[in-house]
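There are two complexes below, and they share chain A, which is joined by chain B in the first and by chain C in the second.
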Partner chain A sequence: MTNREKYNQAFIETLEITADQLGDDLTYQSIEAWDSVGHMQLVSALEDAFDIMMDTDDIIDLSSYPLGIEILKKYDVEFS
Partner chain B sequence: MLDYSDVFALEPFALGAQDKNRLYGAWLDRLGAHHRHFCAPYARLCATLGNRPALPVRLFKYVDLRSVASHDVARTMTSSGTSGQQVSRIYLDKDTSARQSKALTRIVSSFIGKKRLPLLIIDSSAVFKDRAMFSARGAGIRGFSLLGRDTCYALDADMKVDMAAVLAFAKKYRGQPTLLFGFTFMIWQHFYLALRQADVKLDLQGFLIHGGGWKKLTNIAVSNSDFKQALSAQTGITHVFDYYGMVEQTGSIFMECEQGHLHASVFSDVDILDPLTLEPGATGRGCICTTSLLPTSYPGHILLTEDEGEILGQDTCPCGRLGKYFKVYGRMPGAEIRGCSDTYVAG
Partner chain C sequence: MLLQDRVCLITGANRGIGQATAQRFVDEGALVYANARRAGSLDALVEKNKEGQIIPLYFDVTNTQTLKAAFLRIRKEQGRLDVLVNNAGIMKDALIGMISSELVREVFRINVFATLEALQFAAGIMRRQKSGSIINFSSIVGVEGSVGQSVYAASKGAVIALTRSTAKELAPQGIRVNAVAPGFIDTALFHSIGEMRVASVSKDVGMGRLGTPEDVAGVCAFLASDLAGYVTGQIIGIDGSARL
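Let's look at the complex of A and B:
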């Protein structure tokens, strides 16, 4: 699985959404499932998928689908 | 939009009195102007009371105080209050909410380190069953969740200790620092007493951070030092810290240091008002007035609480942290009864 696929899968599974909902419009609290509880589930799914531990500021800043990609790059997760 | 980068660039407990006065002078002018511009009721209050009024916390029960457009409100926090009493409504936009989370992180990290620790929440995940319910209890848990990882809830939906989960947590993280968080009264009533009754001693390390007030424990004659000793003996955790905070100023909490003093960080300040004249700078016991630089979506930056306290000093605490340090005695005589962070009324 590519990193992009792993990234997408974390969103799809934790937020219970479909692939067509992934994109720039997907932001924190834009859908019901991405609330603060969903957020922590998403963070742990991403941490498990990439075997990383994120800083708290990055967890707070991870407020959209595209921003998450930028943040993960800091942890040497590469997206092609 | 106000730029907070200067505040967040500072270490949370390293600002001396002079620098703090300068910083707060500038920031309170900016925040006051911001809220007068965006919140008409606040502007009217200032027209009558002067430019830096300390708003009584209960005002948020009776007046909708909001400095953002209603469609920018991301979440409305409600305060405690036993049934029948009006609840406070605190309006948060995304920026204020994120800023509060970051400030909480800075403050707590300076006590427990920057690494996210395995987290045992002494509460039930049922708090979140109704996701639209943003109580003080939910806010505390949500805020501290960011500081932890591999979160485990110690209580089940009936507020009984989930012994299997707690023992599994203790076993998994044996010998490693962990973080325990919960509300003071609930930790005592539903966790400590239950462990003691079941004769279960945990072998945990790390930190226990708790808040929500002492009212119910004072009623059953449990002091802060009793609490620390009892919890240490039952859980193994030697660093037990209380904090003072309120839903009206989420994030900028006042943490208790190793000396047992509550400390204002760079994000907040504390003053004691004379209970009769409400003049600031009172010595001895008086009404606690708290200032927080964080809220931009509601004018809650200067609040008159209903708690009684006393300033113990500034910049001189033996723990080395700069800023004012103080003690809270409890509710002011005659104050309205509020729950301990709306924690579980049945207690």
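Let's look at the complex of A and C:
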């Protein structure tokens, strides 16, 4: 599985959405499931998927689907 | 045994209450990641527990990156964390008018900020397993107040507030958060108030003796265990009926 696929899967599974909902419009609180509880579940899923532990500032900053990719790059996760 | 195979992290475990708690947890069957900031200061504890039940982790709890690395290591090695004991703490006294902002920062950095930071990292792991016990360290001084100890008291009062709030927030995820509030416990920290004051305050203990680190360790073992499975958000005094 590529990193992009792992990333997408974390969103799809924790927020219970479909692949066509992934994109620039997917932001924190833009859908019901991405509330504060869903956010922490998403963080856990990303940490598990990439075997990392995110800094508190990054957890706060992870406010959209595209921003998450930028944040993960800081943890040496490469996206092609 | 109360804590068979539980994975625990205890901060400030090289002496005093932290050391006694680490030993008690091992005696109850736990695997203990013991933290200290001075390299080599856990050698005696490791040596005493030859079967590897103590894993030393050297870092300063106020350093976010090394603190985080410790939690990451535990997650990688064990895949879980059952108990966090936020024991590391300092006591610095100063009378009103002589309280420097550096003193306030130093005390809060260790007693409050590091406690909260460790709690956040621990909760991140415990959330996945939907269980866990976090034990914070307050003090009788944080409950009742004490002359010359406004800063220390405020820091330990903050620990009470954060214990109560985080317990409410984490309860739905099966994570319990409690605090202990020791009275006068016979450690270097307590003796730092000076032997004359030690002698005078010791007289104010209803049970007629100072507490031992083991007295506190026993309560921590209880709070960490399933015996306390329905206990959260509590501040447990361990003071032999001491008065301030």
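In this section, the second predicted complex is superposed on the first by the 80 of 80 C-alpha atoms of A that agree within 3 Å, B and C clash if a C-alpha of one lies under 4 Å from a C-alpha of the other, contacts with A are read in each partner's own complex, and residues count from 1 in each chain.
Just so it is clear, a contact is a pair of C-beta atoms (placed from the backbone, for glycine too) under 8 Å apart; a residue touches a chain by one contact, two chains touch by 3 or more.
The model shown is predicted, which means the values in this text are computed figures rather than measured ones.
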**Request:** Using the touch definition from the top, say if A:53 reaches chain B (first), chain C (second), both or neither.
**Result:** both
**Request:** With the two complexes superposed on chain A, say which partner A:63 touches: chain B (first), chain C (second), both, or neither.
**Result:** first
**Request:** Could you tell me if A:80 is touching chain B, chain C, both of them or neither one (first, second, both, neither)?
**Result:** neither
**Asked** Which of the two, chain B or chain C, is in touch with more residues of chain A?
**Response** B
**Message:** One more residue to check, A:28. First (chain B), second (chain C), both or neither?
**Reply:** first
**Message:** After the superposition on A, what does A:40 contact: first (chain B), second (chain C), both or neither?
**Reply:** both
**Message:** If I apply the document's touch criterion, which positions on chain A are contacted by chain B in one structure and by chain C in the other?
**Reply:** 40, 44, 47, 53, 55-56
**Request:** Note which residues of chain A are touching chain C in the complex, please.
**Result:** 40, 43-44, 47-48, 51-53, 55-56
**Message:** So in the complex, the part of chain A that touches chain B is made up of which residues?
**Reply:** 28-29, 32, 35-37, 40, 44, 47, 53-57, 59-61, 63
**Item:** Footprint of chain A on chain C - complex, ascending
**Value:** 64, 68, 71-72, 75-76, 117, 120-121, 124, 127-128
**Asked** chain A touches which residues of chain B in the complex?
**Response** 74-75, 94, 98, 101-102, 105, 109, 114-116, 128, 131, 142, 145-147, 149-151
